[in-house]
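For reference, the structures are reproduced in the following blocks.
Next come two complexes, and both contain subunit A; in the first it sits with subunit B, in the second with subunit C.
For the complex of A and B:
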């Protein structure tokens, strides 16, 4: 598997506070990778380290096979990045900002700027200070896409957009970016967006990676089995590989499964029971389960 | 193709243009102020020369008549010795205080750092753009002063005027680099300006006393040694340039670690 992003024990400390703590990430090339975590969990710090804007305290990382410390200049030339709150020069018009950014990239494609600005119907002759938050996000996305990057890093890209623009934005990611084999590293806490576009996700909490897996596997394997058995299961019954947590609920059990679902479900069915049912987990349930819930979800 | 492009990317033209654009009003207003100041010199020379003997000895004006011996000395006393370094100091602070802190306060530093430009190139480009803005105002207005003086029939020694201005400008490099350094440390341009002015006030104190005058950058940047004694202040200027280089180095080290 060719990796677009790889980190090994990546750590960033600010004074004694560990914003990112021994992070091990693997983002396959061509994937749309959702990087999920509550506010303050270390998402933006991780992204800044990947871009070489912030130097790691320890650990290492590679983006497109390049070292994030030694080759950060090269990395920034080859990737597109859109910040959480894209603050740009308000006194410039959209055209002027695009001209300004073009000077930094040898691979800049004016055709892509034209294509996406027409698609968004963006008034590029207007000053950036007069644009709405959504328009600013669109302009930032155009600037991120114009160098035709093989990796696109988006930090909370849809948080300022209205529902229509959000759908439009996600459609572009799906059709225009993923369709061309580019990798997208998508940080968000808008789980419906992530669920819509991502094929892999990672949950981060307090700077540590809590879980990473493909969306398919999460959807098929991460489930809860509610079971009311006719008699108590034998000792060791709940110690099967793949059982994450077992909670007592009345006279039954809630068995949280993270892997090996079919086998565990069959085993439960074989036990004499009054009730066996499967509760599917959506991304929001998983998010709450893994990162402990947060106000912004 | 790629590596060569990266290696040669020590200076960013696109960033330089942006910086000069952001400084354009400072350049225009600075030029207007200096041109007004320059205009006053040839216009007042004859009147001051005629008026001075009529004025009784006033405290503070002792020895002023030696500055009226000829137009060259008068120009130096009013230009390098007074207006240029006083107003120029304020201008150097104004040009330098916004360069890094301005990006921080407008939250555009991250946008800039996310471009494929190294921090050292970014720092150098901003420094160059600030210095060019300052140079345009200082040398532009000096050229104007020279042309106006010639038009008004005065014989002004161009070489002396421009060497004196160069000496003064080296002083401005020091002031600008100091402000640029503080702009890297503090995140509020106004605080940068105030702290820079305060530090410069402290640095001006040695210049108020005869014994410590040599320690003041302001004493040297007035080009008094060169103009009145005919000595080019090599060593003091070298010290000023070395101090400026040191501040630039410290600034770049701080900037390398600065969080957006």
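For the complex of A and C:
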């Protein structure tokens, strides 16, 4: 598996506060990777370190095989990046900004700029200060896509877009980037978008990686079994690999499973029971389960 | 916390029928056991998030995807194509949309579509001819009786689980079941 992004014990401290704490991330080439976590969990700081905008306190990282500290300039020329709050020169027009940016990228394609600005119907002749928030996001996206990058890093890309533009945006990503074997790494709170397009996700909380797995595995293995047994299960019954948590619910149990689901489910079915039921978990449930509570990590 | 909210609550008869009947009858419909029931409408109203109409050689294929369900998207695609093939909605030789087209229509990852297509090819449901397209297999693609039965069993089991939660007696459930059956039969005949 070739990795587009890899970090080893990546850490960033601001004074004594650890914004990112020993993060180990692996983003396979050709994947759409969702980087998820609550506000202030260190997503943007991680992305800024990958781009070399912020220097890590310790640990290391590689983007497209290049070191994030030593080769940061090289990295930035090769990837497309869209910031969470795109800060752009308000006195320039869209066209001027695009002309300004194209000089930094050896692989810049004017055809792509034309194509996307027509698709978004963006008034490039207007001053940036007069554009709406959504238009600014679209302009930032055009600039991120124009160098035809093999890795696209997007920080909350769809949060400022209306539902129609969001679908257009995701379709561009799917068609132009993923369809051609390129990698997308993006952070988002819009879990419905993530669920549609991502093949892998990582949950991060307090700067630490809580869980990373493929979307399909999460959806097939992460389930809750609700069981009412006819008599108490033997001691140690719940001590199986893959069982995350067991809660009592009236006469029954809620068994949270994270792996080996089939095996655990079969074992439960074999016990004489009044009721066995599987509760599927979607990404929102998992998000809350992994990074929602304050006491369990 | 979310789970706690799913405690049983009383439902009226109508709600229960709407909840349960479509699942059972739409399964039956797919497998051709009960051709006269035209309950597709209810089923669709039930699970729509996305409807895509593919018109090819007069063939229409609807995909109802629920990205936020607990079932992986590739499995949802597999299931729907299998059902369409087994139920006669797709016939041998019909062309399916390309990976690109389908991923764009549904706004999903092309890798997901590829994964679904690969699994369908392994099962002999479709044939991928590189550079030409994806087609429904010429061979026999009827669903195994055992598989049909397994799906029906699941649906029936769900019915009983629900009934258990609501504290329904067997007799009462039977009444509802027959009522729904009659109702569907009438609708089915009208539909014809």
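Just so it is clear, the second predicted complex is superposed on the first by the 292 of 297 C-alpha atoms of A that agree within 3 Å, B and C clash if a C-alpha of one lies under 4 Å from a C-alpha of the other, contacts with A are read in each partner's own complex, and residues count from 1 in each chain.
The definition used in the following text is that a contact is a pair of C-beta atoms (placed from the backbone, for glycine too) under 8 Å apart; a residue touches a chain by one contact, two chains touch by 3 or more.
If you're wondering where the values come from, they're calculated on a predicted model, not measured in any experiment.
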(message) Just to be sure I read the superposition right, which of the two partners does A:62 touch: subunit B = first, subunit C = second, or both, or neither?
(response) neither
(message) Output check: A:244 vs subunit B and subunit C. Expected answer is one of first, second, both, neither. What do you get?
(response) neither
(message) For A:32 in the superposed arrangement: first (subunit B), second (subunit C), both or neither?
(response) second
(message) If we overlay the two complexes on their shared chain A, which of subunit B and subunit C does A:100 touch? Say first, second, both or neither.
(response) first
(request) For A:127, decide between first (touching subunit B), second (touching subunit C), both and neither. (result) neither
(request) May I ask you to decide whether A:208 touches subunit B, subunit C, both, or neither, giving the answer as first, second, both or neither? (result) neither
(request) In the overlay, answer first, second, both or neither for which of subunit B and subunit C A:277 touches. (result) second
(message) I want to verify the contact counts: of subunit B and subunit C, which reaches more residues of subunit A?
(response) C
(message) Is A:86 touching anything from subunit B or subunit C once the two structures are fitted on A? First, second, both or neither.
(response) first
(request) Write out the stretch or stretches of subunit A touching subunit C in their complex. (result) 30-32, 167, 170-171, 174-175, 178-179, 191-192, 195-199, 215-216, 219-220, 223-224, 226, 249, 254, 274-275, 277, 279-285, 288
(message) For the complex, give me every residue of subunit A touching subunit B.
(response) 48, 51, 53-55, 73-74, 76-77, 81, 83, 85-90, 99-106
(message) Going by the contact rule set out above, which residues of subunit B touch subunit A in the complex?
(response) 1-2, 5-6, 9, 12-15, 17-18, 106-108, 110-111, 113-118, 257, 259-260
(message) With touch defined as at the start, can you tell me which subunit C residues reach subunit A in the complex?
(response) 1-4, 6, 67-75, 100, 103-104, 107-112, 115, 161, 164
